[in-house]
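There are two complexes below, and they share chain A, which is joined by chain B in the first and by chain C in the second.
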Partner chain A sequence: MILNKYASTMVTIDWRIRRLGQAVFTVWAVITLSFALVRMLPGNMMGAMITRLARQGINPARARELVEYRMTIDPDAPLLPAYLSYVSETLQGNLGQSVFYSRPVVDVLAEALPWTLFVLSWAVFISFFIGISIGALMAYWEGGKLDIGLTSYAVLMGSIPFYVLAILLLIFLSYRLGWFPTGGRQPIATDPGFNLTYISGIVTHAALPVLSMLVASGVASLGMRGNSIRVLGEDYLRVARLRGLSDITISTQYVARNAVLPMYTTLLISIGEMFGGSIVLEQVFQYRGVGWYMLSATHQRDYPLMMGGFMVITVAMVIALLLADLTYGYVDPRARRSQ
Partner chain B sequence: MTVSETDYQPEPKQGDSILEIRNASVTFDMDRGESRVLDDVDLDIERNEILGVVGESGSGKSMLASALLDAIVDPGVLYGDITYHPPDGSPIDILDLDKQGLKELRWEEISMVFQGAMSSFNPVRKIRTHFVETLDAHDYDIDEGIERTEGILEDLYLDPDRVLDSYPHELSGGMKQRALIALSLVLEPEVLVMDEPTAALDLLMQRSIISLIQEIKEEYDLTIVFITHDLPLVADIADRIGVLYAFEFVELGPTGEILENAAHPYTRLLLKSTPNLEAPIETMQPVEGSAPDPVNVPSGCSFHRRCPLATQECRDVDPGPYDAGGSHVSHCHHWESAREEIPMSYDLKEIDTGSESAKIGKGDTASRTASAEPVVSLDDVEVHFEKEKGFLDMFDEPDVVEAVDGVSMDIYERDVVVLVGESGCGKTTLGKTAVGLQEPTGGSVNYRGHDIWDVKAGDGDGSISWDEIRRSLQIVHQDPGSALNPHRRVKASLEAPLKRWNDDLDGNDRKQRILSLLEHVGMSPPEDYIDRYPHQLSGGEQQRVALIRAMLMNPDVIMADEPVSALDVSLRVEMMDLMIQLQDTFNTSYLFVSHDLSNARYIAEKTGGRIGVVYLGRLVEIGPPDEIIHNPQHPYTKALCWATPELGADNDDDESPIREIDIPDPTNPPSGCRYHTRCAKAREVCRQQDPGAFDIPDDDLHEAACFRVLDDHEYWDSESITEEDELVAQGDD
Partner chain C sequence: MTRHSETPTDDDERMDFEDAIVSDSEASADERIETDGGVGTPFEVVSEYEETRRDRYRKLYDAYVHAPISIIWRDWRARIGFTIVAIYLLMGTVGPLFVEPTSVTEGPALAAPFETMEYPLGTDNQGRDLLSQTVHSTSTILKMVLSGAVFTVGIGTIIGSIAGYKGGMTDTVLSSITDVFINIPGFPLVMVLGLMFDDQILGNPFAIGVLLSIASWGGLARAIRSQMLTLREESFVEASQAMGIGTSTIVFKEIVPHLMPFVVINLTNAGRKVIFEAVALYYLGILPFQDLNWGSILNQAYGANAHARPDAIHWFLVPMFAIVFISVGLTLLGQSLDRVFNPRVRARHEKTTADVEGDGDGETQTQDAMGV
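Entry: the complex of A and B
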C-alpha cells in the first residue's frame, strides 16, 4: 500500500510537468508564429517599415538598424540566427521598441496591463457570481415562474454581443443620464494616489466596461442551472436528506459544491476570452488597456507594439488555462488521480 | 464491540412487531392516469428478524422501502398507516410525524442502505466527513461516534483509517457498499432497510456482504428488511420472505416454507424460472407474459393473466390472504391446488432419478473432438493496456494493465463456451479478442487456421479475406438499449447487415426475411414491430433485435457479453432458451460472457458446452459444466460456486473459501499464481511459480491452472502461507 501511495504521487508530479510542458510549447509556438508573420507575411512588414523610415530621410543602412532595434529581428540575417536571437530576446522580455511611443513595448504594455486586469477580474467575478446565484435560484424553482423569467433573461443576456450592450449603456447611462464618464480610465483633474476622489473616479470609469461584460452571466447561469438540476437528482442528495443534514449543508456542500465544479474551468477559460474581447471593449470606452493599445498600434502600423499585445494576450490565455488545469484537482478530488 | 443500547429480548417473540404497515398505498399522478405503485399493502415486521422482500423490477419493492421511512419522492403520495414500535416508549405513527419528528426517526431509528453505493456519497467530500456531518446533524457526540464507526468498519473487514480518509472514488464498489452500510449504522438504528444492497456487486463480494449482514445483525441487534430481485440471494439469511407482484404482496411466510412449499403460483413459477446450480435444467422454465403496467393493473388477482390456474373467480375477486399453515399466507384462491399443479424442481428431481440417462441436450458437441479443426483458436493471447499517457511522458515506464495474459482456448463448430469471473478480471476483453474486436498485444487469434490480424494487415495467404472473418465473428452487447441506434427503426437496423452482405436480395425479400425472423423470435405480429423505434420495445425485445441483427450476418461465432443480465429474472431463462434455439437454426458457436455461474451453467449444460473461469486475465479452469460445478479443481472456481446463492440448499459449510474480500489491483497483479493472495489453500510455491494449465484426469475437456491438480507436485511439500493472514470473511462462530 505504501508502494501504491508513492506511485500515485509520482503520477501527479508527472502530469503537472507534462501540463507545464504543454504551456511552454504553446508559448514557444506563439513566438515562432509571430516571428514567421513578421519575416514571411506577404506585404513584407519589415520592408514597409524600412521604406517608411527612408522616406522620412533616414539613410537605408540606419533605417535597417532602427528596424532591427524595434522589432528585435535583423532583416538581413539568415533565417536561423535571426530566429534564435528573436526567441532569446523575447524570452528575456524584450518585445522591441514601440514606433509610435518611442518606448520599449514592454513598458507600454506593463503600464496598460493592470488596467485591463482590473476591469476583467471584476467583470469575471461579478458576472460569475451573478450567474451562479441566478442559476441556483432557477434550479431550485425549476419550472416555476421565476425559472421561466430568469431563463428568458439569461437567454437574452447570452445572445447580446457585449459591445452592443456597451454602446447601449454608453448612450443611456453616460450621454443621456450622465451618471458615468463617457470614456477614459481615470479622472483627469485629480491626483493619482490613495484619495477618495481618485479611487471613486477609477471605479466609475471601470463600471460600464464591467457592466457590459455581464452578458457572460447569462451563459454562466444557464450552465449552473443545468448542473444544479443534475445534482438535485443524484442519489447522494437523497441519502443526505434522509440522514437529516441541515438545509444549509445540503444546499452549499452538496448541491452548490458539485454544481460549481464544471463551472470552474469555464470561468478561467472565459478570462482568456475576455482578454480577446477587451480589444473591442476598450475601444468603445476609450479605456487605455492592453486591447486599446493593440488596436491603435494596428492603426498606426506600430508593428512591434501590435505583436507585443498579441503575445501578452496569448500568454495570458495560456496561463489562465494552465491555472485551470493545475488547480482543478484542488476543487474536485476525483481529478487528482484520474488525470 | 459496541452493542446498541437495546440489550433486551435477543429472541424474536411471536407478535412483537417493530413496524406495522396497514393499507399502505403510493400513487403518482401521470398523464396516462393515476399510477399505483404500492397497492394496499399490509405487513408486520417482527423485531430482530431479517425479512426478505423479493420482487421483479417494477413490482413496487423500492416504494415499499421508501415508504418505511416516509421518503417517497415527489410527486408520489403515500396513504395508509405505518406504525413504529420503539423498544421502549409509545408507538409512533410515522406518517403523522412533522419535520423534526421525521429527522429523529430517520437514521436514528430506521436507517436505509441504497442500491447505488457508487452514487450515495458526495464525490467531493471524504468518507469521514459523511460520518461527522451525520453525527453532527443529529447532535450525537462526534468523537464517540467516530470511535463506533471505526468499530463498525473493522467488523466489515475494512481498514478504518484508510477508508475514512478516502474520497468515495478512491474506494472499490464493494468497499463503498460496506462503508455505506457502516454509515447507515452510525446512529445505532433499530431497523435497517436495504434496497438491493448488492445488485451492482460481483458474486464473491455479494456473498461476502450477505454473510456480513448476518453478523452485523447479531452484533448490532438489528431488524433488517432486505429488498432484492434475486430470490436465492436472500434465501440464506432471511427468516421470512415476502414476494411482491404488481405492487402488492402475493405471498409471505418463513423462508423454508416459501422455498419448499410455496403456495402462490407466481412464487412457484419464479422459483422455477431462476437458474441455479443444483436443480436439473429441464425444470427451469420461464414465466410467460410480463408484469402489468402500474396504471392498468388487472382487476381481481393481478397475476391471473399469467397464471396457469386462473379461473373466473381470479378475474373477479381480489384474493385475500389465505392462511397456508403457520405464519404462511398466500393471496391466491387456489393456493392448495397450486402446490400440486405446479410441481417444483425438487419434486421433479425425485421422479427423474430413475431415468438419469434420458437427459436432454446433454452430450458432447459432435465436432469437438481431438481431430476437429477449431473455428476460432486463441494461442497464448495477451492483451496489455497501457494507461493513458500524454506526450512528454513517453520516456516513463507506463502502467500496464494485463487484461488478458497468456490465454489459450479453442472454439469449435456449434460449440458454446461461457466465460465467468468477477468484473475487471478481463473476461470481456478476452471475449472481444476472440472475435477480433480487440487486437492482442501478444499471441495469436486464428480463424479456421488463419491468423486474423495477419489477414487484416494483408499478410495472409489470400485464401480468406478480412471481410469474411469480420462477418463470421459477431458480438451481442450487454445493454441492448445502447447497442441499437435510437433514431433508426427496427427495420433499418436489421436491413443494414443484409444490404451489406446479401446484396442480391431486393427490398421486398429483405423485408420478408426480417419479418419471418421477428416472428421466429416471438415478436408477433412482426408487421407491428418492424416499424418501431428501440425505445418502443421492452428490454427483452431490444435484446432479441440485437440478437437477430448479429444472426443475419450468418456468423460462425457470436460473442454475447452478459446478454441476460439487463433483463428481469423471470425473463432470463426465456432469453437463454431463445439463444440456444437460434444456435440450432443458424449453426453458430457462442462465446458467452457472464458473471453469474447459474446462468453459465444453464447455457453450458443445455448445449453441451464448456465453462471457462477467468481470474485476473488468466483462464484458471475450463471444462464441462458438470465438472466445473460438482468437481471444481481450482480454489477460485470453488469460491465462485460457494458464492453462488442456492435455492433451498442448506449451506452448513458456510466457511468462506477466500482470504481477501477485495480483488487485487490489476495494474500490479500478484506474482506466481495470481489467486494466491485470496486462496485459502495457497502455499509458498504459489507465490513463486506460475501454474500452467493441467489436464484433469477424469475428463479430457477439463483443465485447471492449479498445482493441487497434480498429486506429485512440490506444492504438497511447500509451506502454507495462509496462517500468517487471518482468515477474513469467515464466520465468527
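Entry: the complex of A and C
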C-alpha cells in the first residue's frame, strides 16, 4: 500500500516530464528507422540512388559524394559513425538536399508546412465541433426519429473514406458547379499579402479539403452519443435530479462535461489519421502542402525529400499530440492520475 | 433483492470462489442475530446445485455463442451488416465464376451504366467492363482485410495484454514501443515501407494486410492494456495465481476471453481501416499491382482526368460504391456488436436486457477508443 501511494505521487509529479520523454523517444525512433531504411536494409535507398547516378554516367566516387551530400549519410563510413552523424545533422535541421528541386529539403518543406497545418487544424476543429453537437442531440433524443436519422448520417459518414468524399466534392462542387477552385492552394492572379481577394482565395482553396475531412465528424458524433448515453445511465445523475438541480445545470455541468472528456482519445486518433491522410487529400486537390511534396517525391524517387516529408509529418504530429496531452491534464484532473 | 438476482451473469470461476468463502464463514454467520426481520444476506446463500461438466459447457455455449447471436440478430443493424458482408464474401468467392474477366477494348469506351445488359455498370476509357473489374477486385481486397484485421488485432491484443498484466519493466518497454507506433502517422510509414518492399508485396494481398497492420495496432494495444490493468486486480486472477497457474495461461486463457467482445468489435474496425488504407495506397499509385482492384481503378480514373469529364463520372462512382457499401456493412456490424457487449451502453437499458442470460461480462469496459 505504502509503495502504491508513493508510486502514485511520483506519477502526478512526473507525468509531464515522462510525456515529454516519450515524444523525444518517438522522434529518435523515427530518425533511427529512417536511417535503417536509407542505409541498412536490403534494397535500401542509398544503393538505389548510387546505381541510378552511375547509370547516368557519373563516376562511382562522384556518385557516392553526391549521395552523401543529398542524404547526409556517408555511404562508405562504418555504420555507427554514419548513424551518429546522421542523427546530429537531422537534429540540427539538415534533412539533406532535394534531388528534384535542387534545394535543401528543409526549405521546401518549411514553406509547405503552414499550408498543411492550416487545413488540418480547421478540419479537426470543425469536424469535432459538428460531431460533438450532433452526438449530444442524438443522445438526448435517443431512440427517436432524429436519433435514427442522425445515426444513419453518422454511420454513412464513418463509412466513407475522406478521399472518396474529396473526389466527389471536387467533381460536383468544383468541376460541375464551379463554386470552388479545382486545385492549388492560392489564387494565381493576385498578389500575396493582406488583401481581401488573396485571403478569400486562400479560404476557398482550403474549403474543400476541410469539408472532405468532415467524415471524421461521423466517428466523433457516434463516440459522443455513446458517452452521453453512458453518463445518462449513471447513478450520480439520479442523485442530481433528486437534489432538484435544474435541467440546464444537469445537462451542461454533469452530462456534457463528462461525456466530452473521453472524446479526447477519439480526437487524438483523428489527429493522427488526418496527418497521415493529408497525403491523399493534398493529392486530390493538388494542394501543395507537406503531403503533396512527399507524394510527388515518392513518384520521382526523390528519396531525401520523401524521407524529409515523413520526418516533418511525424514531428508535427508528435508535437500536436504532445500539446494535446499536456493541456488535457488541466482540463480533466482524472487524466493526471491515470497517466 | 439479493445480490444474485441482480447479477445473473457472474462468471463460473468467481461463483465457485465466492461459494468457497461462504462455506468457510457459514458457521459464524449462523450465530449472527438477524436484525433486519429475517431477510438473508447474500453471503449466507449456498449453491443448491452440483455443477457437472456438461452443465458448464452448456452454460459457456449459452453465454458466448447462443445469447450473443440471438441478441445480435434482434438488432436491425446486425441483420443488415451481416447481409452486406455476406454479399461481399459471395462476390469474392463465387463471383468470379459467374462474371467473366474483362479485357481492353472489350466494349465501347466509357459506355454509360444501366444502358446495356452487357455492361451493366458501364465501361472505362479502354472499354473494360466496370462490373467485372469490381467483382474481380473483391477477393483481393477480402484477403487484405482478413490478414490485416487478424494481424492488427492479434499484435494489439498480445502486446497490450502482456504489458498490462506484467507491469514493471515489461510494461515500460512494451508501452514505449506502443506509444511510438501511436505517435508515428500510420499512412506515411506504410507508404515508405510499401515502397521499400514492393517486390515482396506484388501480387500478394496477404502481405499488404500485414504491412498495413504495422501502423495500426498501437491504439488497440493501449486500450487493451488499460483494461488489463483493471482485470488483473480481479479475484479470479488472484485465485489463479494462488493456484500456481503459469502467467501465459492466466493471461491468454483466463483474462483475454473477458476482452473478447472488445477484440471482436475491433476486428470490424480494423477491417474497415485496412480497406481505406489499401485503396488509398493503390489510388496514389504507390503499390505495384498486377490485377485491378478498387484503388487502382480510382487511380486510372483520376489519371485519365475522369473527374473533369461529365461522361466519365461512373468510372469513379462504381469502385467508390463498392468501398462505401462494404464499410457501411462493417460499421453496422461493429455497432451492433458494441451494443451487445458493452455493459456501459446497457446501463440505461438494463431492464430490457436483464432477462437475457450471459450477454458479455460485467467488468469489461468497452471503450470507444477505436472510433465506433
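Operating definition for what follows: the second predicted complex is superposed on the first by the 311 of 339 C-alpha atoms of A that agree within 3 Å, B and C clash if a C-alpha of one lies under 4 Å from a C-alpha of the other, contacts with A are read in each partner's own complex, and residues count from 1 in each chain.
Everything below uses one rule, namely that a residue touches a chain if its C-beta (ideal position, glycine included) is under 8 Å from a C-beta of that chain, and two chains touch if they have at least 3 such contacts.
This structure is a prediction, so every number in the text was calculated from the model and none was measured.
Peer 1: Give one of first, second, both or neither to describe whether A:L168 is in contact with chain B, with chain C, with both, or with none.
Peer 2: So A:L168 only meets chain C here.
Peer 1: Taking the superposition as given, does A:R18 touch the first partner, chain B, the second, chain C, both, or neither?
Peer 2: In the superposition, A:R18 touches chain B alone.
Peer 1: Which partner does A:S246 contact after superposing on A: first (chain B), second (chain C), both, neither?
Peer 2: Only chain B is touched by A:S246; chain C is not.
Peer 1: What is the contact status of A:S98 with respect to chain B (first) and chain C (second): first, second, both, or neither?
Peer 2: After superposition on chain A, A:S98 lies in contact with neither partner.
Peer 1: Which of the two, chain B or chain C, is in touch with more residues of chain A?
Peer 2: Touching more of chain A: C.
Peer 1: First (chain B), second (chain C), both or neither: which does A:S228 touch?
Peer 2: Neither chain B nor chain C is touched by A:S228.
Peer 1: In the superposed arrangement, which partner chain does A:L261 touch: chain B (first), chain C (second), both, or neither?
Peer 2: first
Peer 1: With the two complexes superposed on chain A, say which partner A:R238 touches: chain B (first), chain C (second), both, or neither.
Peer 2: A:R238: touches chain B, not chain C.
Peer 1: Taking the superposition on A as described, I'd like to know which of chain B and chain C A:T90 touches: first, second, both or neither.
Peer 2: After superposing on A, A:T90 lies clear of both chain B and chain C.
Peer 1: By the touch definition above, which chain A residues appear in both interfaces, chain B in one complex and chain C in the other?
Peer 2: Dual-contact residues (chain A): 22, 234, 338.
Peer 1: Using the touch definition from the top, list the residues of chain A that touch chain C in their complex.
Peer 2: 22-23, 25-26, 29-30, 37, 41, 43-45, 142, 155-156, 158-161, 163-164, 167-168, 170-171, 175-176, 182, 219, 222-223, 226-227, 229-230, 232-234, 262, 265-266, 268-269, 272-273, 275-277, 279-280, 283-284, 291, 294-295, 298-299, 306-307, 309-310, 313-314, 317-318, 321, 338
Peer 1: Name, in rising order, each residue of chain B that touches chain A in their complex.
Peer 2: Chain B residues touching chain A: 69, 71, 73, 103, 106-107, 112, 114, 116, 119-125, 133-134, 137-138, 162, 167, 169-170, 183, 390-393, 396, 399, 665, 668.
Peer 1: Would you mind writing out the residues of chain C in touch with chain A in their complex?
Peer 2: Chain C reaches chain A through residues 176, 179-180, 182-189, 191-193, 195-197, 199, 219, 226, 272, 276, 279-280, 283-286, 298, 302, 307-308, 310, 313, 316, 320, 323-324, 327-328, 330-332, 335, 338, 342, 344-345, 347-348, 350, 367-372.
Peer 1: Considering only the defined contacts, which chain A positions touch chain B in the complex?
Peer 2: Residues 1, 4, 7, 11, 14-15, 17-18, 21-22, 234-236, 238-246, 249, 253-254, 257-258, 261, 331-334, 337-338.
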